[in-house]
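For reference, the structures are reproduced in the following blocks.
What follows is a pair of complexes built around chain A, which joins chain B in one and chain C in the other.
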Partner chain A sequence: MTKTTIDLPPKGGFSFDLCRRNAFLESQGTKMPKFRKTGTTIVGLIFKDGVILGADTRATEGEIVCDKNCEKIHYLAPNISCCGAGTAADTENVTDMVSSQLELHRYATGRDSRVVTALTMLKSHLFGYQGAVSAALVLGGVDVTGPHLHAVYPHGSTDTLPFATMGSGSLAAMAMFESRFKEGMTREEGIEVVCAAICAGIFNDLGSGSNVDLCVITKGGKEYLRNYQQPNPRSYTHSKGYHFTSGHTAILSSKIRALRNQVRVVEGDAMEEE
Partner chain B sequence: MGDSQYSFSLTTFSPSGKLVQIEYALTAVGAGQTSLGIKASNGVVIATEKKLPSILVDENSVHKIQLITPNIGVAYSGMGPDSRVLVRKSRKQAQQYKRLYHEPIPLSQLVRETAAVMQEFTQSGGVRPFGVSLLVAGFDDNGPQLYQVDPSGSYFSWKASAIGKNVSNAKTFLEKRYTDDMELEDAIHTAILTLKEGFEGQISGKNIEIGIVDASRKFRVLTPAEVDDYLAEVE
Partner chain C sequence: MSMVFAPCLTETTAPTTHAQPAWSPYDNNGGTCVAIAGEDYCVIAADTRMSTGFSILIRNYSKIHQITEKSVLASSGFQADIRALQKNLDARHQIYQHQHNKQMSCPAMAQLLSNTLYYKRFFPYYAFNVLGGLDNEGRGCVYSYDAVGSYERSGYSSQGTGMQLIMPVLDNQLKSASPLVLPLQKSTTPLSEFEAVDLVKDTFASAAERDIYTGDAVEIVIINREGVRRELMDLKRD
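Up next is the complex of A and B:
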């Protein structure tokens, strides 16, 4: 038998082959495409009965707001949710993928998913792509071992914290948390602090805006409060509508053209039926 | 599939036009413990014997009826380890579908893909056909459905079916008892009675397993206590 070299398919991880080409093109003056980012303020905190996750709802493409009410709190498992900041496609796909893996894991083990399982799956994936997957996540949930909250960075490192913020509005939100957080808050107190933190991001960071989404996870279940607060209502529409009388726009020239009738009717016999 | 030394299929035609390996696989299924399924108007029930090789085996560790998705479950007759491989592949296929279309996989498509896997193993190098027949039950947008998949890769949708040992008696029993407007509770009782027909020894919640799916679209395996309750009702 002749010896042939076997081309093994790449095992996974990012293929950096095209990066040199991209760098060359950029140096030649090619404009790189803008991608949709979630500028974002995302937060999470642990309260007496579990975890509260919060997020704003603005998605940006460069300087333009491309979605005024997007969903940044993603489903991972019946008892685990994840807020995502960074490139929207990356956060959505990585959370979808881990959600799928967690479901398979639940069938294989016969148990409810644990937050640390989701954490390990996310950080291994992100580390393998060496930061190319631009997803910064706040992961929270309640499992048999209790409530857990983690911050996951794009390169694969994680923090385990009682309160966490990520995204461009994280500093504004963290300022609120540092001054108002206390251990063992009730649900109402926790929601108030989370809303204050997200609003701080909404009003002080250009990358965040629109509404506040919340997700409250306790041992009893998960409550997704979509658009819990809407501090930026569209209040500038005129109730009577807008009318512009003629003369507002200057007419430079006018030309009238008759539309010719293109249809000719021809009398004929009906088709014979068999 | 398989090393280059075994790139030929071990399943080859006999002069009479049969694939003997598949016939033998069906024999292996026929020697397996009885499983049956009944489709009711508002749900599906599948049941299987769970005779353990010795009284020393911990029955809580044995799960013959498995979940593939939240609304689809499967029972088997034949070789347990072969069924595990198929269940694993089916679960993965269901997840891939969900990732692509963001909705749960319809039962008929899942069955088609599982059957395709089983057929692959009758025509690939170095592998043998699966020694199991599967009864797949689920509730999706097309209502309650019950499918049977054979080692050859052929699949059928059934109103009621039985596989494994004692299958002819079980099917005759089901033919007599089945009605189109049966409800899930009646179907569960009928399933228990059918299993009881060919059962050797004392039937109880510990040596049979029953899985049901109703309009809530949540497939679940009944606990031994619940099975005992149904057994008491049937007496």
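Up next is the complex of A and C:
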């Protein structure tokens, strides 16, 4: 009796079919494409009136800087933000996805989003992918129950803390926090400590650099301070411009083909402008 | 009775892959070196950052070493090996001076460096060198090396982690024309000493923007007929 196979529609979610093929190709010597990681310093702390999140702005591809001024503080809800470290595509997509889910949830419940809701959505998504989604996040916000700050790890575990750091520069930043943090700081004190922590990451960790981004969230609202500090201007510019003399690239042969025979100019009206 | 060797049924075994070594004798301390040769000068520059992994060890470490009156060696790579190489060359130069009652010329030192590197062909110095100086006629010369001693005299060179960012700019600004364009142009730079130093500063500033291992400061050494002069310029520290 011949066996007949039925093609089932894909169940959705991640398909691990190609993993075996990738492993085979790698063993044959094919080089896997590099991920763009945000070798990063991200921090968060709770102060008297709410939460302050901070991040550097360097994105690296291995040892080369691919973006000198990227945005690592993502929007989740009007009262919640999230800093992301790890693979840039993963942090972008997971925060966008949870942000959409939170908006739908707000319409369904008729209430402002709570930080623990975002937390649960993130952690269950990351746990489901068993660490394949490489996103390490610092989630912070203020809701009806007060200010909250959480650290979310790629495998799905979370920590609830008064101050948190993540990324390759987290040790440098944590050193600053451990020595300078105190409970109930004012906004100015909090901003100063966060900037010091991010700068520690920027100057001491090679994976972090460029500028400091901040996000201050209180009961009254959210303030996104993009490039709050720019401690790394370009050190030198050429005194005269560069000139490119012709002949540097040799023209070996040139062929000019007139298109007149192939393009017919036809009378007509110009395109309507919208 | 004849022996019949039955063909072995060869099983295709998976190629054994080398297990990842637990310990490596080498480390890369990063950094970039550049040298440009002119009609009567030579500019040698290197950044002063020494790093390991994602951390900075030293912000003001000199990668430039003057071996003879007329030749200066700039090396990036594993600084422990580089230090050992510099001491080795110094010792050999001292012996030469005792035996010949004069300093080694730059082309002679270039050959000596190549031989010293190849001597350790099977446990190389993890050093990417650029040797710059003045030759016997007083013209600038630059020699660039790979880790095992292959070298070539040229008008300019760069080595290290920022090499791929800097070399195309130097090729564009210094190479007089493509070798496919005839008549053939000579290799020394048409720039003046001031312009060459300016170009070096700008290329290092650009490399520091994009290479995480290049930064802190750039040390520039200029050799001309008056002697040796040093300049230090700050770079980004992030």
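Just so we're on the same page, the second predicted complex is superposed on the first by the 223 of 274 C-alpha atoms of A that agree within 3 Å, B and C clash if a C-alpha of one lies under 4 Å from a C-alpha of the other, contacts with A are read in each partner's own complex, and residues count from 1 in each chain.
Just so we're on the same page, a contact is a pair of C-beta atoms (placed from the backbone, for glycine too) under 8 Å apart; a residue touches a chain by one contact, two chains touch by 3 or more.
It should be emphasised that the depicted structure is a prediction, and the values quoted were computed from it without experimental measurement.
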Superposed model, chain A: greater residue contact from chain B or chain C: C
Partner chain(s) touched by A:Ser168 [first = chain B, second = chain C, both, neither]: second
Touched partner set for A:Gly207, first chain B, second chain C, both or neither: second
Which superposed partner A:Ser235 touches (first chain B, second chain C, both, neither): second
Partner chain(s) touched by A:Ser100 [first = chain B, second = chain C, both, neither]: first
Parts of chain A lying in touch with chain B, wherever the complex brings them together: 96-97, 100, 103-104, 107-108, 110
Chain A-facing residues of chain C, complex: 17, 51, 54-56, 161, 165, 172-173, 175, 177-178, 180-181, 198-199, 201-202, 204-205, 208-213, 233-238
Footprint of chain C on chain A - complex, ascending: 27, 39, 58, 60, 63-65, 68, 168, 202-210, 231-232, 234-240, 242, 244, 247-250, 252
Touch list for chain B against partner chain A, complex: 63, 66-68, 88, 91-92, 95, 98-99
